[in-house]
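Heads up, there are several structures right after this.
What follows is chain A paired twice: with chain B in the first complex and chain C in the second.
Presenting the complex of A and B:
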């Protein structure tokens, strides 16, 4: 389980996170929803120890993040984080060189799934294909948790469909996923837990299935109630 | 291969194309320089001998024979060295900043590798040191070649022959190419320490942005003062308590302290303060 306990973050004088708390379980897809600038990416960066916090703590499987944690959790940002002059094959080799959790069979399966060509250079790819490479490099790690930052941002409808398909496949099952988005439409039917964020605070955390069954409301309905009361 | 070695290999390969350009430029410009400078000298010699009706001996007596040192003091020789030095100094900063500001923010990947972040730091520092040593090696290899070309271009009457050892010894090259192991350790230890100090300053900036620039400059200044403190105390306080060997020992101890401090601070910043 990922436990985010009262985390606070300031950029200069601006308080971006004001004591955010939530949990994300393995085997579930947790979606952090909020408009741009509410601190969604900062939360993911903080979980990966990529930005220092001003308060609170984050535990992954009961432990603070350390170098070994990166074999158990991975982050897929909204922009590709490999060298632009690398080919897809070289990027895969880089990952294989450094991560014990790299699963080459799954990487090849993903290459095929996304219809990507190994010899293509990253800087020659379309935005959609770069997002797919990013996803490939993250999903091919045998990790317990995946963090994804706006995976559908600025990409075409067909790529979005293909990426959404990943969430229902065996490529994700049994893993814990935390995904941030402000475009809920693509994945509403896939998510288990929802964390609604606004102005650096969690407004509500709920189970989408429970709300659907007990209150007959969709995630978008709850969002309307919370954001436009 | 452990992860440090892989990172080092990766860092070296990232700069290799530009590095090979620097090596090629050094070789081509310096060799061309030997040819140009010796031709210039011989042209002037022939012209003077013809116009003034001098003998070779009279010309050499009046204008002097050319030595290899005349070439090493020219822009043809020093220019490539200066360009290489400038490129490597620039690269001390670039090696970090390109990971943050490049087309793709590769720093995400580097900081999420399942290895101590200090390995990233050491891989970058070691790659800089290896590149410096590589360029020095190239210089050492081409010096005899240049000396051979120099001799083949000038008749024996017009030149002063020198061995490579003397060329290095008689020149600022002795700073780049130490003559003893102790000199090697001192010069390159100081160079490595300087790289680590600059890396720490960069990490201050990457951790605290504008405030970090001041902190970085402050850290460089403090390190400089600490390193120069024995000399400064001698100059300003007029205290000459230490023998030269003791002074050297003190300098080495201070160097080790500054190096250890840079590593400790960088480790702290990389793990606790740096932001992507």
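Presenting the complex of A and C:
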């Protein structure tokens, strides 16, 4: 489990996180929703230990984050960070050289799943396919937790469907997934936990299936109540 | 396999309902193997934990069964199969009565209309021969 306990972060005078707390379980998909831009990526960066905090703590499997945490988690940014003139195969090789946890077998399986061709250059790919390569490079690492920043943002419907499908497959398996998004759209049925964020605070955390069961509400219904009281 | 999920009912409940419909209409036959939980989740693009929940509930209700490590199958229990059909019919009737009541029509007038409509559609003929 990832436990985020009251984390605070300031950039200059601006308080970006004002004591954010939530939990994310292994084997579940937790979705951090924030309609007003700020904070989501900072939270992911904090879990990755990439940004010093002004308060609070983060535990992974009961342990405070430390320099070994990255062996358990990976962060998939919202856009691919490989050199654009690299081929898919070269970027895979780059990851393999860099990370001990690289799983070549799974990488090949993902290539096949996304119907991508190894020899293609990243700058020749469509936006949707670029997003898939980006995801592939993260998912192929053998880690317990996957953090993804806006994996569904700005890509076509068919790529979105394919990405949604990978979440349900053995390629994600029983790992813990945290994704951020600013619009829930067509992934309501895909996620377990929802964390609603606004102005650097968590307004509500709930289980999507539970809220349907006990209150007969969709995730969007709850968002409407929370964000537009 | 294509299910139009609504966003306000629990997904596992909607999955179970889909299975009941397929069983009642004979699309899923008694003893037929069904998809694994993971396959179902992928096909319907739903959370694997939800697919798991639906299968667990169906197993407990006797709609499906699993022997050893083999794929799960649709029940062969006549009693269960009959009650599934009965349940769906009663649900449809309840919904129908509910919506007709709200527009305040005499029952005889409605029944005549129902028969007329039923006979004019091919879907209806199939059920009639049943």
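Definition applied: the second predicted complex is superposed on the first by the 226 of 229 C-alpha atoms of A that agree within 3 Å, B and C clash if a C-alpha of one lies under 4 Å from a C-alpha of the other, contacts with A are read in each partner's own complex, and residues count from 1 in each chain.
Heads up, the rule we're going with is that a residue touches a chain if its C-beta (ideal position, glycine included) is under 8 Å from a C-beta of that chain, and two chains touch if they have at least 3 such contacts.
Nothing here was measured: the structure is a model prediction, and the numbers come from that model.
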Room on chain A for both chain B and chain C (clash or fit): fit
First, second, both or neither for A:6, with chain B first and chain C second: neither
Touching partner for A:123 - first (chain B), second (chain C), both, neither: first
Touched partner set for A:71, first chain B, second chain C, both or neither: first
Partner chain(s) touched by A:209 [first = chain B, second = chain C, both, neither]: second
Once both complexes are placed on the shared chain, angle at chain A toward chain B and chain C, C-alpha, multiple of 10 degrees: 160
First (chain B), second (chain C), both or neither touched by A:185: neither
First (chain B), second (chain C), both or neither touched by A:154: neither
Which of chain B and chain C A:51 touches, first, second, both or neither: first
Superposed arrangement (fit on chain A Cα atoms) - minimum chain B/chain C Cα distance in Å: 28
Chain A residues within the chain C interface of the complex: 27-29, 161, 164-165, 168-170, 188-192, 209, 212-213, 216-221
Residue numbers on chain B that touch chain A, as the complex places them: 3, 6, 10, 14, 102-106, 108-109, 111-117, 207, 271-276
Parts of chain C lying in touch with chain A, wherever the complex brings them together: 5, 7-13, 38, 41-42, 44-51, 53
Parts of chain A lying in touch with chain B, wherever the complex brings them together: 45, 48-52, 67-71, 74-75, 77, 79-84, 94, 97-101, 122-123
